[in-house]
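Supplied in structure tokens, the structure appears directly below.
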Amino acid sequence: MSDTLADFCYELAVANRILAHEGVIDAFGHVSVRHPDDPGRYFLSRSRSPELVEPDDILEFDLESQPVKPPTVQLYAERVIHGEIYKMRPDVVAVCHHHAPAIMPFCISGDPIVPVFHLGASMGAVAPFWDSRDEFGDTNLLVVKPAEGASLARALGKHSMVLMRRHGATVVGTSLRELVFRATYSCDNARYLSEAMRLGNFCPLTPGEIEMAQAIYQLPTAQSRAWEYWTTRLAKCGGMPSRTSAVAKEEAAAKLAKKPVKSKGGKRE
Amino acid sequence: MSDTLADFCYELAVANRILAHEGVIDAFGHVSVRHPDDPGRYFLSRSRSPELVEPDDILEFDLESQPVKPPTVQLYAERVIHGEIYKMRPDVVAVCHHHAPAIMPFCISGDPIVPVFHLGASMGAVAPFWDSRDEFGDTNLLVVKPAEGASLARALGKHSMVLMRRHGATVVGTSLRELVFRATYSCDNARYLSEAMRLGNFCPLTPGEIEMAQAIYQLPTAQSRAWEYWTTRLAKCGGMPSRTSAVAKEEAAAKLAKKPVKSKGGKRE
Amino acid sequence: MSDTLADFCYELAVANRILAHEGVIDAFGHVSVRHPDDPGRYFLSRSRSPELVEPDDILEFDLESQPVKPPTVQLYAERVIHGEIYKMRPDVVAVCHHHAPAIMPFCISGDPIVPVFHLGASMGAVAPFWDSRDEFGDTNLLVVKPAEGASLARALGKHSMVLMRRHGATVVGTSLRELVFRATYSCDNARYLSEAMRLGNFCPLTPGEIEMAQAIYQLPTAQSRAWEYWTTRLAKCGGMPSRTSAVAKEEAAAKLAKKPVKSKGGKRE
Amino acid sequence: MSDTLADFCYELAVANRILAHEGVIDAFGHVSVRHPDDPGRYFLSRSRSPELVEPDDILEFDLESQPVKPPTVQLYAERVIHGEIYKMRPDVVAVCHHHAPAIMPFCISGDPIVPVFHLGASMGAVAPFWDSRDEFGDTNLLVVKPAEGASLARALGKHSMVLMRRHGATVVGTSLRELVFRATYSCDNARYLSEAMRLGNFCPLTPGEIEMAQAIYQLPTAQSRAWEYWTTRLAKCGGMPSRTSAVAKEEAAAKLAKKPVKSKGGKRE
């Protein structure tokens, strides 16, 4: 793995841990990013709670959600969510599937989540719903079969987030940092909306407000500011992933021994 | 105590502490596990807050909830909850009695808790209620007498959880890890249900969804993933129990002194 | 100060910090205990947030709430709450005045808090209300004048807790540990009641249930178990007060120097 | 920068971090203070999350919200909020703009926040609303243009807090500590009000109560007590800013080298 890809996987591990630390993901849920050099591939951790993901846990998958190298570890059962969305949405660079406490009541009640404050605009207009019952009837509610993943991707359409009835949400971004921003602030938006609904009336942002506010939160300045905040909070709690991966150690040892380094093509581990 | 039993009691101490750390149990509540070699016995801590339980606090009881060895410490007053359930339900391997904030409003209002999301399916279908007033009139609300424990066990019936009016809940599992999983996610389910009820309508999982989703969460892969998550969180906060128990230390000293080790039959301390 | 009194003040500092750590008290609020040897005196910290109180901050007051020694530090403005209750209620040994988030909504809405679960019985039957407007009209809402304190004490009557409209609560106990238990679990009770009221109906404990359950929580076994839990949690966060007070250090130095120790009569610092 | 000004900026960094630590501010929001020697200037951090602000991040601005020295760092886009309020309100010494979870539901629903308990009186009478749509139609909801800042300042009028529809709140104080006190307790007030509205009725403080209670919380004793509480909590979590700034280090080095110290006029860095 090239240094660039190692940094890339490190950033993905950080993103996993931020989303866990900020209360978006718990023991379950997962986060992926498209391969920077090969749009037909994506990176995703082996089956492990996002709060614990290390760079070495991250594996490469093709868009059929098959691991590029024969796996020796357990994989997430629901990785078709990622593969099917990357297939259908060439603009999408990162995907997060979660069951955040903030959005679950809406997934259960079926009430729509609409953006109601400026940072909530990062989720775009009202998030569509997907109901596994519509096409598949009684299931275990997981999105495991390619047809289920493709159905979910169709429900997502051109949106940034899709709510899954009695299950959770799937959020997409045009970059990993945009994804983390959107996943986090759409949860805040859901919490405030839920409270406002109980206080009395509410009126959502206008289409013009959404478009203009969303443009702001796609600027690198806004995203860097939030990223510095989240990583500092994570680091304070001792939550950052290991910098030196097992693979990197092996390569370092190889360099030291002046043996040719095994996998230096930037393509796979 | 054999090494296997020592590991067993260590795992029980960890389970106590996870349930405290994840907000299911506070100063009160208790967790037990059936003896792996003798179905007529179970292990339970001496009277102590679960967050503080050490392997050495764990005692062996018969199904009449009498300690196998004369106790020198205070015992939980409500241990008949455990004994009476183990008597009536040979399939049950672990029991937790708690007063989690998530379920108390339902115990007070009498509204049923039904599974409303995939992980909530781990609790099975709607949890039955037990009301101490029905058979026993005014009491101190604790389940202390064998007749009270037996009445509660009857109310539990074949379910995985029984709600106790104005008191709390009792949850059972076919393994300690299944119990921790179920106790934790049934609390999440209660929280989301409560929020969804206020937002508007909700419709519970179907019997088919419950059955299929529950099967998933009984797989070792799902339970290991959650267990790694919970133990890592606990360890990060310095919350793990001591590995070396007083008994183990005594045995180690005995080995060192080449004296015969006292209690190596895997039966009791 | 005798060793016994020093231990006594240490325990009061611990009680202050437990109530802060468990979310009953924030920057404001205060906790006192009656002098064990002189029922006409009580101990209370100088004006300081309870989370920060050290044994050395604790001063002795008479029942007119005047400091026994001329103070060199700022005093709580509302100490008449303590003095007037100790005057009117010879059975009361400890008093806490707080503005816990759990009870404030009831103080604002005027809805009564009734015990709705077994541990909630520790607060006794429904808590009466006191409204500063009834006798005093517009005030700054603090209880500063002796007449205001006496009026509050009358409203408390024989109860264990009185709710103060638009202000907070005052809780009493026959021991410091009973007070901490009651203040903490009455907050839990308020939280669960509030949630249950929104879910639907609720029916409070019966007088018989309250009496029997309350008897249980006045047993030393229940209180020790909770005290061990709370102090362990506090200690884990580095929140325990200093063991060796400035006064104790001075005495230790005096002993070492074989000079006569100044204040060894158990009466005052 | 003089020692006095260095202390001043340190206190501003502490205020930023307290408001983050107490849940008023998250990744976004900002806090400023007027220059103690020059009412035509104010201090505000470079664009950075308040939880991370160091004394060295703090820059000086004129009332047109232009940096006094050409900046080499990113600035907050919304600093006109501060400049326009300092222009229109000579009595205001400190300003905080935030999006606290406690007040957002009110900003979304449009329900007024009125003081409902004694510490809530610190916010003064009912907070007015400002709606960006009224004068500016569809915007990105940020207050970036001088005209927007001036409009917000007019809506604030003589009040202590203004709520911004679908956006957040801006709070002012006659000192930095009063500002922190008011921003924190107005959030508590909003939370309790929201809960009380759901329980049933509520009646706000009377004008007389507000005036008298507010007078109490403007006393240095009340503010010192709370400040000690907040700084101790912050310090316990390792959250205090660095004491020795880069500038101070430079000056110390200059002194050591007996070179003339560069900027010793108390005017700017």
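In order of appearance the chains are A, B, C and D, and numbering begins at 1 in each one.
The criterion applied here is as follows: a contact is a pair of C-beta atoms (placed from the backbone, for glycine too) under 8 Å apart; a residue touches a chain by one contact, two chains touch by 3 or more.
Bear in mind that the values here come from a model prediction, so they are computed numbers and not experimental data.
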Query - chain C on chain D, rotation in degrees - Cα superposition, rounded to nearest 5 - result: 90
Query raised in the report: Computing the C-alpha centre of each chain, which chain sits at the greatest distance from chain D?
Result: B
Requested in this report: Report, in whole Å, the distance between the mean C-alpha point of chain A and the mean C-alpha point of chain B.
Outcome: 34
Requested in this report: Please report how many Å separate the Cα centroid of chain B from that of chain D, as a whole number.
Outcome: 48
Report task. Any chance you could list the residues of chain A touching two or more other chains? Result -> 198
**Report entry** Residues of chain B touching chain A in the complex
**Finding:** 116-119, 121, 188, 191-193, 195-196, 198-202, 205-206, 208-209, 212-213, 215-216, 221, 225-226, 228-230, 232-233, 236
Query raised in the report: Mind pulling up the chain D residues that touch chain A in the complex?
Result: 26-28, 47-49, 51-52, 74, 99, 101, 104-111, 137-142, 166-168, 194, 197-198, 237-238
